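I have placed the structure first, in the form of structure tokens, so that the comments after it can refer back to it.
The letters A, B, C and D name the chains in turn, as written, and every chain counts its residues from 1.
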Amino acid sequence: MARGGAPGTGSAGPRASRGDLPPQNKRPLRVTIWNEYVHERRDESVRRIYPDGMQRPIADGLRGELGPGVTVRIATLDEPEHGLTEEALAGTDVLTWWGHAAHDQVSEEVVERVQARVLDGMGIVVLHSGHYSKIFRRLMGTTCSLRWRSDPGGEREVIWTVAPGHPIAAGVPQPIVIPHQEMYGEFFDIPQPDELVFISSFAGGEVFRSGCCYRRGAGRLFYFSPGDQEFPVYHQPEIQKVIANAVAWCAGVAASNDPPARREGHAPRGWFSEAGSPARKR
Amino acid sequence: MARGGAPGTGSAGPRASRGDLPPQNKRPLRVTIWNEYVHERRDESVRRIYPDGMQRPIADGLRGELGPGVTVRIATLDEPEHGLTEEALAGTDVLTWWGHAAHDQVSEEVVERVQARVLDGMGIVVLHSGHYSKIFRRLMGTTCSLRWRSDPGGEREVIWTVAPGHPIAAGVPQPIVIPHQEMYGEFFDIPQPDELVFISSFAGGEVFRSGCCYRRGAGRLFYFSPGDQEFPVYHQPEIQKVIANAVAWCAGVAASNDPPARREGHAPRGWFSEAGSPARKR
Amino acid sequence: MARGGAPGTGSAGPRASRGDLPPQNKRPLRVTIWNEYVHERRDESVRRIYPDGMQRPIADGLRGELGPGVTVRIATLDEPEHGLTEEALAGTDVLTWWGHAAHDQVSEEVVERVQARVLDGMGIVVLHSGHYSKIFRRLMGTTCSLRWRSDPGGEREVIWTVAPGHPIAAGVPQPIVIPHQEMYGEFFDIPQPDELVFISSFAGGEVFRSGCCYRRGAGRLFYFSPGDQEFPVYHQPEIQKVIANAVAWCAGVAASNDPPARREGHAPRGWFSEAGSPARKR
Amino acid sequence: MARGGAPGTGSAGPRASRGDLPPQNKRPLRVTIWNEYVHERRDESVRRIYPDGMQRPIADGLRGELGPGVTVRIATLDEPEHGLTEEALAGTDVLTWWGHAAHDQVSEEVVERVQARVLDGMGIVVLHSGHYSKIFRRLMGTTCSLRWRSDPGGEREVIWTVAPGHPIAAGVPQPIVIPHQEMYGEFFDIPQPDELVFISSFAGGEVFRSGCCYRRGAGRLFYFSPGDQEFPVYHQPEIQKVIANAVAWCAGVAASNDPPARREGHAPRGWFSEAGSPARKR
């Protein structure tokens, strides 16, 4: 996924990560960017940074990184069913989620629908204060609480890759520096990630597990912490790169070979003997 | 990666796994199939099943599944440096490994070379009795011992996917049935896998963690247990499918953004401040 | 934890597992056994096996294994607040949970209370059909669905330890054989366990991850699958041993050094500098 | 394990961690502290901090924390067989390891012996520059390389607990502050830890996974990074507390129920049917 040259190469020479471009004969990745879209319309300081909402640079970043390999759709809190109807979700491969001030206003029914889609194979990338969203807490089963600090001017965040070679870290610097950000600090009450990709430090000395991969059911989830609304984090190219990598990673899941309809319930003795028999040799 | 139709599909409809085909403008995946190639030339019963060595159906399977997306090269124990020179390894993206009777004949120097390549980003798929190979034991750090039974006629093995949606399980039945196989049974002295993809049962009642993913350094390792030389396991299409999936998964690693040359040793204060600064906005 | 002699010993000679007996000067482990207690009073076949409810042999097993190190309390569905008041939970170190026919009758309020206690340090051991309980599904975030088969007379289950040395496997045979049990088969829709301790095989060929450890917040969770109400599984000494080991393991959690009251919310710059300063040397 | 009162308590009230004191009728924990003991005798600056070697405060700390529950033995590089004879290792429950200048002088034979003991159930706590020891690299299978910086006067290290409730974090502050330490920075080339307990930040902005748990075979391994010889880190009570917790955690492994002698090699059909049959009911 190297644009403008990857920072480092292994001794095998440059080689493309397979997860970024779609095969020639398949449809593009369908991404729904969900944004609460409250702060940008309510707070002048936020509107100046994100005049068209946070969704704009996130969408621009995806298109810039993934080109024709992606189609992007926006959905916000105030739309009917928050823009996440059954049809919309069925037509979404990966959902991104940013919320902060109005987690409680997301309907339980929609949250259940999103959870079911994730367990059925849809990817989800949860951003920043989305750690307290209903959907993230539901998928994690924990409080997802954390320490935070938002001084005027913020403080420097340094994002370290602890899994080099992971597709989500492709083509980003080691480390990524965000000059001004809100501090998020441990203990972050999440289950131990299936894969820990990034750890951040803050000028004040706190640390945070800032890039966390999970597999839930047939779906993939990536939590990425940078992104307070008072700072232009989503305009930063490295951050856009990570989000694009994460979207592609979430989509790298294969069609399940044991979907819910087939694997729940009574299974008579020997039920699989025919289905599983060796196919005729090639 | 569906051939002949995926057994199951999520509610989002069929979607290609991104890990299988190379982007249009990149080179094919370079696979080296390493086979000890002792039994096939020494034991009549094995030669009848694998007249051209185990490497033949494994190579045929890779080409059948991955087409122009892969180039395959064979290397065997009795070649100079076991066919694994520095140059050969530098030109290998994924190595597969089958050995049994002659683990001790693999030179320490070559084993160190292979380990270094894996930690630097080369993938490795270790098969069956390769669990006792020097390279697998070195990468695991454990004894890799197990229970086994090889009655005449073997016994049925049933391979269950415990991570549906994992690229390595793409397009294979749930479960895969091997009518005749050697029993491998727990306790299998390996580190807990980073991802457990398959668990097998045997007619005698034993179980075995038969599909295990690990990340080591910048590389990926997949251990897959089926494959005793007395049975035609590598001719079975589902098994060839898994091996092809595993090769593609191993190759799905990105170029490391923190390669060894840059990340070992003394780092003066502030060394990263420039390297990590935000790039100009798009 | 060896009763009647451990099946095997390391070369360092026999050594007690530290997790089973309480220190001399501390209070005993306080266990609450929660049982739905519907089948035993409704179905004659079940009553014959469990005349005083499933809770009886489970409690007897705990007292037999842990002696004065444990105090046991029973709670059932039909009690006020299902016997799980704030006070009862505050006085519980480890909760065991068996339910099947009436998951939906457990009140949301009680489920939330139990979840909060687990995240705050209480252990929970979920048994068999408890996989579909509200509390387990809430802590997992997944559907927790599975395949099952309950032929008359059941079928043999063989439970294999895949983590020898794990305290939960202390003093139990490798393998444990249950002659008659209900089949539970993969794909079991749970998050990948933090530690996988047991894998079961069934006579029909299915496998199941039957002993799964999780850490959630400051608490520990163990899921153990054997235990259909139509079979005397909870009378079997090896099963009682595992449950006792699991209860002790859950209790082996330390008092949290970063409890919720201290770690949520705003943290001013340098807040920890005093709290974290080196104490005076000994 | 609370000395002077645990910093925080769960709502269940104070409760002892079971892993710290030995049961009344069992022998104490037998710890061997292995120290290279080169710097302390060669470098004046180090001798001033550790006049009797680093082993002294480490041993004092263990005795102070674990009292009669522990017996401590010292072994150093220059002893015959580095003080790690078969007999010595057979009589060791947990080994601690500190080395830096002379990793290459540790004999291969002793390293193999130590590895075999760990896989057979002995615990090992690897400290600081021990990351480059032969034994650690052998158990990890990776290079174990890292970034470092050792300015005069060092820099502040802040150690954050990311697994509150873990026995290794019992009774230590959140966070632990070391005013002067050598910087260790990511990417630390280790396998993803089975459990990540601590993450450190450094004044320069780097982070490091400073407390890492692994299970290898029947044994437990804990890597703890603080401890450069130029700073009095091992005199710091919180550090001594962590080491004592780690030693107790390593020892919390149970006697294996599937030791090597029984689980390697040929297993005839039905071999376990008797061994695994249900014992007579209690």
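Definition applied: a residue touches a chain if its C-beta (ideal position, glycine included) is under 8 Å from a C-beta of that chain, and two chains touch if they have at least 3 such contacts.
Since we're looking at a predicted model, the values are computed, not measured.
Enquirer: Hey, which pair has more contacts between C-betas, B-D or B-C?
Expert: B-D
Enquirer: With chain centres taken as the means of their Cα atoms, state the distance from chain B to chain C in Å.
Expert: Using C-alpha averages as centres, the distance is 36 Å.
Enquirer: Need the CA-centroid distance for the pair chain B / chain D, whole Å please.
Expert: Centres of chain B and chain D (C-alpha means) sit 33 Å apart.
Enquirer: Multi-chain contacts in chain B: which residues touch at least two other chains?
Expert: Touching at least two other chains: 158, 161, 163-164, 174-175, 185-187, 192, 194-195, 205-206, 215, 217, 258, 263, 272.
Enquirer: Name the graph shape formed by the protein chains and their touching pairs; answer line, ring, star, complete or other.
Expert: It is complete, because no pair of chains fails to touch.
Enquirer: Contact residues on chain B for chain C in the complex?
Expert: Within the complex, chain B touches chain C at residues 156, 158, 160-164, 174-175, 185-188, 192, 195-196, 199-203, 205-207, 209.
Enquirer: Which residues, counting only chain C, touch chain D once they are in their complex?
Expert: Within the complex, chain C contacts chain D at residues 1-2, 6-24, 26-27, 60-61, 64, 90-93, 117, 120-122, 158, 161, 163-167, 169-179, 194-195, 215, 217-220, 235-238, 240, 248, 251-259, 261-263, 272-273, 275-282.
Enquirer: Okay, in this complex, where on chain A does chain C touch?
Expert: 115, 119, 138-143, 145-149, 151, 155, 183, 185-187, 189, 191-192, 194, 204-206, 214-217, 258, 260, 263-270, 272
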